[in-house]
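For reference, the structure I am asking about is given below.
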Amino acid sequence: MSVTEQGLLERDKDTMTLNMGPQHPSTHGVFRVILEMDGEVVKTAEPEIGYLHTGIEKNCENKRYVHVIPMTDRLDYLNPPGNNLAFCLSTEKLLGIEIPERANALRVIMCELSRIASHLVWLGTHALDIGAMTVFLYCWREREMILDLNEEVSGVRMMTSYIRVGGVAKDATRPWLDGIRDFLDYFPAKVDEYERLLTRNPIWLDRTEGIGVFTREEAINWSLSGPALRASGVNWDIRKSQPYSGYDNYSFDVPIQTNGDIYDRYRVRVEEMRQSRAIIKQAMERLPGGDYKTPDNKVSLPARETLHTSMEALIHHFKLVSEGISVPKGETYVPIEGARGEVGFYIVSDGTNVPYRVKLRAPSFMAIPGMCKAMEGCYIADVVGIIGSIDIVMGEVDR
Amino acid sequence: MDWITEILNVTWNFIVLFLNENIPLVVGSVKAVIIAVAIMSVVPALVWLERRLMGRFQVRLGPNRVGPFGLGQPMADTVKLLFKESIIQSSADKFLFHLAPAVVVITAIAAFAVIPFGEPFEVFGQTIEMWGANVNSGILFVFAISGMGIYGMVLAGLSSNNKYSLMGGLRSSAQMISYELTLGLSALSIILLTGSLSLVDMVRAQETYPFILVQPLAFLLFFIAGIAETNRAPFDLPEAEQELVAGFHTEYTGMKFAMFFMGEYINMVTMSALVTLLFLGGWNAYGLPVWPIVSFAVKVFFLLCVFIWLRSTFPRIRYDRLMTFGWKILLPLCLLNLMVTSTVKVIWFP
Amino acid sequence: MTEYFYISLFAVVAIVVVGALLALSTVLGPRNPSPQKMLPYECGIIPTEEAKGRYPVRFATIAMFFIIFDVEVVFMYPWAVALGELKLFGLVEMAIFIIILGIAYVYIWGRGGLEWD
């Protein structure tokens, strides 16, 4: 409390040090950036993270594999199924198990729905940061429907933990599938509505075009990924380049823009919402029958009714519930395309039922240095625009 | 006891005599007080209107719990703000900190004094004029007084000793002085048409048609500058909550915070009234069978709704673009419009 | 002068209301100051330096331009009122005036006075 006692220091330099965050309306959580301001212009920007440190990565070293999944939900809290999937894919690779087709399709549906929900939050908050209030509430209206769908299938609105090692938690229900069909019919008109409000709005263009630019090389060198990378003209989508969960069976476009400014990142994400809808539509059309999780009882619980008739099922049930999954010794990393870019869990297993080390490759964390570099020379109003356009989630930055 | 009665009698007679001699003065004073109180009570209604209307624009309900249609909400908010702690952070300049919101409210109310809203009418042999005060340079008075309102915001920004407030205060000063030029220059073409600075004369000059028909560009310029002058979205840079948190009133709490809002909303009404008087024909109803005051009120209400509509539609413009827009686009357009108007007036309508 | 008396009545009413509201909120509101609460807001970080201090000169230049142009505009008001009588003479006079103003304006623009970066 020395500062309160001795009072504030006199400001004698030409620039002004301005703390933006952690308690600021538009730093998307508790991100703090220390700005050196010359009037309205940012001279230098220095990021400061750690205000939302949860210790999830360390915690994972004491949790069984199944118990880690609810914790991954809390990392990127706007796109929980993506994190679930990344963790499950890594674990499944270590286990060396095959996932049934139906489970893969359900995973894809869930991930793409969640990508839409995440992009809706991004669009709403990003527009709000730039001052367009109404888009924010429009986006929330549609996101609410996705959250209701989540609740229908998993019982939880946000932190679904729906994707599990070996498959998904529950089979799809009819109201869920019907709800998704209704949503898919309803949604495209709404995306057009957002675009009508923003895409050709002169003030929006003025605030986004040519600002926060990453050239192709810069975007790669600053290790941007996902929509931010694709807005800079790099055709890189893990769903296409290293397909997982049967993404190679769906036909969809990867939207690319070339300027790498805020506006292009906006265009890429809005188009991605449409593509996600197309993917869900295909997955719904050819939703295969069969198991929704692997029949391997070393990984997934046996069906409830078999417990009364099969001794083996009972033993597997007991072992799985009391010990959890034992993962063979080894280490692996499987990347997926999350809503913000490449998400992947690097898992080291020592052959026991708890991971030895879990390390998250978080796209928001990787983007922060580049983001702060892009702020330099901008106006303070652009700082919130750049933060919004990179779409950081502090949950996965400070894990 | 007689002398007491005598004194009372004399006093009473004096008061009656004074009142009889100065009926216009008394009527005028009462009217001024009524208008001043009325304009202040418009503020809660306007806050309610804005919140309800924004709610409708944004697919939500808006306040609807306190009283019918949520009409009690602004009252409840006022009471809540009254009971809030008034925090004045220790390094702030106490006197200026208190002065700033007062300046904003007082100038806002005083600027409304010269706004006329109807033709005079006769009651009990007394002519009641539908304005607080009729100064012959009405429009200049409004500009002068609302210009003083800037002091409130700048002082708030400077006295808070908060970096966000400082930037908000500087922004507001730069923005308002830049757009005041546009405001003044676009009003000039109306003065050219009427040859008077009095707002009443301007309305009377529009008896056949409203000036928006002959001066559409001036109307547009004036309205844009008016939005900027009242710090409303998309020009709400001094208080841009997403960048500067709340700009010049970041440090204000409780009633002092509410007073900035009061000033802003009164300014909004004044600006809408001014646009109505200059361009939309004031209280002229153009053949429609409505009272002049209703015609005036409907126009002002419509403009207020436009203000709210703009707020819910547009993103916020950036500071440098705002200044560039004001100085490089609006100002030359104003001068051009002025030259064309005066040339046409002198050559074709001498 | 009566009209200005009415205007001052508006100001008086405003002062009374403002004073009453301030007094009421002082009486009704709680008062629990603490050193932390009394710090200026800086996004939850304890500020180290004063906000007051040097600020870029371009704000002063805007103020100067404003004064220059506003004085010109003030000249135009009486001209606008009297243009009916001044006729062509007034028009030519003001055209010259605006051209001179325009030269200054172009000069300022050319020198980068209207740029904000």
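Couple of notes before you dig in:
In order of appearance the chains are A, B and C, and numbering begins at 1 in each one.
The criterion applied here is as follows: a residue touches a chain if its C-beta (ideal position, glycine included) is under 8 Å from a C-beta of that chain, and two chains touch if they have at least 3 such contacts.
The model shown is predicted, which means the values in this text are computed figures rather than measured ones.
The most distant chain from subunit C, with centres taken as the mean of CA atoms, is A. Each of B-C and A-C has its own count of C-beta contacts, and the greater count is at B-C.
A straight line joining the Cα centres of subunit A and subunit C is 47 Å long. Here the spacing of subunit B and subunit C, counted between their Cα centres, is 15 Å. Shared contact sites, meaning residues of subunit A that touch two or more other chains, fall at 8, 16, 18, 24, 40, 379. Annotation for subunit B: residues 91, 161, 163-164, 245, 319-320 touch two or more other chains.
Residue numbers of subunit C whose C-beta contacts span two or more other chains: 35, 38-40, 42-43, 47, 50-52, 55, 59, 116-117. Interface of subunit B with subunit A (complex): residues 54, 57-60, 91, 161, 163-164, 167, 171, 233-234, 236, 240-245, 311-321. Interface residues of subunit C, counted against subunit A in their complex, comprise 35-36, 38-40, 42-56, 58-59, 116-117. The part of subunit C that touches subunit B in the complex is made up of residues 2-7, 9-11, 13-15, 17-18, 21-22, 24-26, 28-33, 35, 37-43, 47, 50-52, 55, 59, 62-63, 65-66, 69-70, 73, 76-77, 80-84, 87-88, 90-91, 94-95, 98, 101-102, 105, 109, 114-117.
Residues 1, 3-5, 8-14, 16-24, 27, 32, 38-41, 379 of subunit A are the ones touching subunit C in the complex.
The residues of subunit A lying in touch with subunit B in their complex are 7-8, 16, 18, 24-26, 40, 127-134, 136-138, 141, 197-198, 201, 203-204, 206-207, 379-384.
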